[in-house]
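Naming follows writing order (A, B, C and D), and every chain is counted from residue 1.
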Amino acid sequence: MDLKNRVEQCLGPKNFVVAMTECQGDLSVEVPKRSVVDVMRLLRNTPDLGFNFLSDLLGVDNLDLNKPKKKPKKKTEEGEGAETEEEPKDKGPSPPRYEVVYLLLCLERNERLQVKVRVEENDMEVDTLTPVWKAADWPEREVFDMFGIRFKGHPNLKRLLMWDDFPAHPLRKDYPLEGQGEERHLIYDD
Amino acid sequence: MAKPVVKKEYTLSERIYLWEILKGMKLTWGHFWFNFKACWRPGPHTIPTCWQYPEDRTREISPVFRGEHMLQKDDKGRETCIACGMCAKICPAKCITIKKGKRKEGEEDKYAAKTYPAAFEVDLLRCIFCGFCEDACPKNAIVLGQNFELARYTKEECILDKRKLLMNYRKAKEEGKLKPPRKRVPVVPAPPKPEKDEKADEGAEAKKGKPAVAGKAKKKPAEKAESNEKEE
Amino acid sequence: MNQNPTSQTSYEPGNYVTINIGPSHPSMHGTLRIAAVTDGETIVKADPEIGYLHRGVEKLGENLTYHQFIPITDRLNYCSAIPNNVSYEMAVEKLMGIEVPEKAQLIRVIMMELARIADHQVCIGILGVDLGAFTPFFYLIIQREEIYEIFEWFNGARLTNTFGRIGGVDADLPDDFEQRWEELKPGVRKANDETEKLLTHNRIWMDRTIGISAFSAEDALNWGFTGPCLRACGVKRDLRIDEPCCMYDKFKFEVPVGKNGDVFDRYIVRMIEMEESLKIIDQAYKLYKEMPPDAPLMARVPKVIKPPAGEVYSALESPNGELGFFVKSDGSANPYRIRIRPPCYMMFQALPELAEGEMVADLIACISSLNIIAGELDR
Amino acid sequence: MDDWLIAIIKVVCIWVWVLLIAVVMTWVERRGAALIQDRPGPNRAGPWGLFQPLADGIKLFTKEEIIPTKAQKLLYIMGPLLFSVPAFSAYAVVPFGDKIILGGKEIILQVSDVNIGFLFILAIGSMAVYGVILGGWGSNNKYSILGGLRSTAQMVSYEVPLGLALLAIVFVYGTFSLRDISLAQQGTFLGFLPNWGIFKQPLGFILFIVAAYAEANRVPFDLPEAESEIVSGYHTEYGSMRLGLYLFGEYVNLVTISGVIVALYFGSWHMPYIDLGAYLGPISWGIVSFCIFFLKVSFFLWMFVWVRWTLPRFRYDQVMGLGWRGLIPLGLFNIFITALFIQLTV
């Protein structure tokens, strides 16, 4: 039984699967935000899945993808990567801006799975994954640093790469590449 | 969190420090003695592993080394650059600026093609010496030479204008350090029957539910690549 | 700013001395900072802080084309740039569904294994320097120079190689590669031998490394360890075997596994891996020689790379561990999002646990043995 | 009057000589390290880079003297002085040759032949600890204080095995004077070995040399200045000639220790098997004995360099463990064996 069916079997009964896509062999599952920790526990502890290794955790800002002028183009592209029918949420009026992607790995079978959580702009809080995997510690801090997505229950949620009172979240798409002059602020205000 | 307990199991020779220490000292003595003898060799290059750099320039530099830029001329001494701007476009550091000029009557012995760079500037302070410009250049005009001594006193000196680039070429030519033309790596040959393949592709795409637009978009660049090869 | 409830209660301020190690410190690998709360020489709590070398590589990638990002990946793990390049290229190739020609894959394997040797040499050398043994560093670094020589004659750069292109490699192996390789092999083996003689059985070295910052396999997996540091804990995991790419499945080699996951095991694992890398290169070069000389080195790739929309994650066994690239494309010429999964990032976050209860000198050994490269850590 | 003059000349001569050796040692150290590590080392200043120490000295002298704002000024200034003065004065009781007869006057080649030579060396050697700890404390730097504390603990602990090793020597020779011990090492031992201390006290020699390395803060016991851990230990905050005094003091310590090792264990100025003094005139023998002595000393100086570039460094607790759990019991055992042997044979 291939991975997709197994994942569906595992998560499907509990209504955890929002969407499932596949791109060049990489399976990704979108799950509801509130149940992300349960999903992870389930994926980790179900014997025939056994995703026991958190490879990485990252954030994506979909601002440019969601721009209205790109919308028709985006539809076709989404369709190219996977089955179009399984993308019900995207057709809504305003798709959530951020995504948090968890890259899981099963060491026994060498299978990888992407788990996606969509984060709305007005509710930027996701449950932390640190109780499940300690490896989520710094990546979550980095996602907070770079996108401003907060992780509820994280033991030490402060900025990781930028300095503590940096005013913006630089990996957001609306942040200019060359910055907003924060370093000047740092030099003169200290 | 409890750390795993590690058992130390030492052999006797490990347990009494001295035996292994003496072995190590024997080894270092071997190196010392070898190099001590090498010290007395004549010339600046004494110890085999070290080059006494400013005096000793015998170290061979790779012919494909990516050093300071130069603009090449062809056999007749004409500038080969056609100011197409490919190098400026591909440059990841955006360090190349080119101004295009049109060749006038009577300048055929100066410029090889109808267009030439009226201004060609390479900002060494930005350049990361990735060699993409060499790769992109259709005429093999811009080349990263063997000169690795890039230290300058002022910022202005670090901006190589066309004159300096041509001077670099002249210098390299005099020293016989011109870079051989870059070998294009062989590419996987095009599929034998493109029409049929295209159909098959389209069929496959249709089966997968891919819209035709994407298929076309995908096809176009490939054609471009083909035409490029023909040019070469 | 400290939102960590446990960190404030785990020690009483006043009884301890906080030593600020870094960002500029002789033994910091790049610019890191560790605020170590010490009780005498024993570390009560080590709080690593990174970001001093943050250059916004991921943001930069979003504004460059797919090809232009290759030189940027050189600057991640600058001790071994080639696996970075290859890992990124593989991610884009996976996204586009490109099949790389076999000969190009062999060249990638050869160069990657050379880079692996170079990286391990630096790591072990620096570990020695941090523990006071200077000399092995030089013996190893001299051989690394020879490896860099091969890189230079391959495509013209020694450190930041910009190796390969999306869909293949940019150059064939130089004509004198075989000669250089045959010269290099005994040199590397000799340097490794000498390092072993100077360090491995030396009781001072053993005392300094055995049992230092030992880590159990479960902890290591929990913290996301990969590469030699995970193998030192006794987990036999090597992406070269488990998820073979670049024809790694055609070569026979051993994967060394440690027992305790301490500094000594990491050192030994790296030592053996160098030897295995030599074997892999031998086999790969033999296969390479069997290929016709005009066999293709590049797949058919459009000049302007516009992968179809989608997102892939592709990982590779870099010298430090799993080096992964998550590339998301929106169909345009620029990647929509590039995420780099640096191996030492995951390991360095476990430092508080690794260093707790050790001494200041062991903290240094621990950092060295994890092979922290700030360029990769901070991106 | 003459005695005074001779004493002053001897003091000045030996002071300059030891300083010179210390200066040359910096060059030897760097050049030797380089050759061990397959590189040429400093070779630009003068022939074979011989003027490198001179250049270093000029650099150190001309550098700006900085006292950290929050340093304890008095202690900070006193530190290097307290370190280097004992280093120089310890050499006073170490011989550097047999004797010279000038104008019918016998001049012993030693600044002063004190009959408590050992105790003087031990006493003066412990003084150096103050220089280190005060420098470390006065710098007001955490690395410095760590280095100073490490150094203090280490030097105090290793004085015990050092003293135990010396005690065994005293048992053998029955005197505290280094000159008397040197004189007693003439001839052969058991008929085929030179009558040197090392053959009578092999274990004592090992103990002594290990403890001496620790006393001199040399690799593998260079924790006080372990640059990978605590930057450069107690002299992190020092610059210009104050740093120079620390560095020179260390090398002078090496010269003293090598001198003591040669005088105690390696037959001082005696050649093995041949008694050159019987064949040479009084003046030439004086010069030759001086040369022999310093040949031996230079071998041990080279040993310091050689060992330094071969070994990794200990950890603090391991140094302490080695000192208290390894060397001191061994030293006591050595004393016991020696005493037993003397008791049985005499």
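Here, a contact is a pair of C-beta atoms (placed from the backbone, for glycine too) under 8 Å apart; a residue touches a chain by one contact, two chains touch by 3 or more.
This one's a predicted model, so the numbers in the text were calculated from it and none came from an experiment.
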item	value
Chain at the geometric heart of the assembly (C-alpha centres)	C
Of C-D and B-C, pair with higher C-beta contact tally	B-C
For chain B paired with chain C, centre-to-centre distance based on mean C-alpha positions, whole Å	23
Distance from the mean Cα position of chain D to that of chain C, given in whole angstrom	44
Separation of chain A from chain B, taking each centre as the mean of its C-alpha atoms, in whole Å	37
Chain A and chain D: spacing of chain centres that average the CA atoms, whole Å	65
Residue list for chain A, restricted to those that touch at least two other chains	77, 80
Where chain B touches two or more other chains, by residue	21, 24, 27-28, 31, 49, 214
Touching two or more other chains - residues of chain D	36-39, 309-311
Residues of chain D defined as touching chain B within the complex	32, 34-40, 43, 48, 206, 306-307, 309-311
Complex contact set, residues of chain C against chain A	1-7, 50-51, 54, 56, 58-60, 62-63, 94-95, 97, 221-224, 235, 237, 242-243, 308-313, 315, 322, 324, 326, 328, 330-331, 336-337, 339, 341, 345-346, 348-350, 378-379
Partner chain D, residues of chain B touching it in the complex	18, 21, 24-25, 27-29, 31-32, 35-36, 39, 46-50, 52
Touch list for chain B against partner chain C, complex	1, 3-4, 6, 8, 10-11, 13-17, 20-21, 23-24, 27-28, 31, 49, 61-62, 64-66, 90-93, 128-132, 135, 144, 183, 185-190, 214, 217-218, 220-222, 224-225, 228
Contact footprint of chain D on chain C as seen in their complex	17, 19-20, 25-27, 41, 128-135, 138-139, 142, 198-199, 202, 204-205, 207-208, 359-362, 364
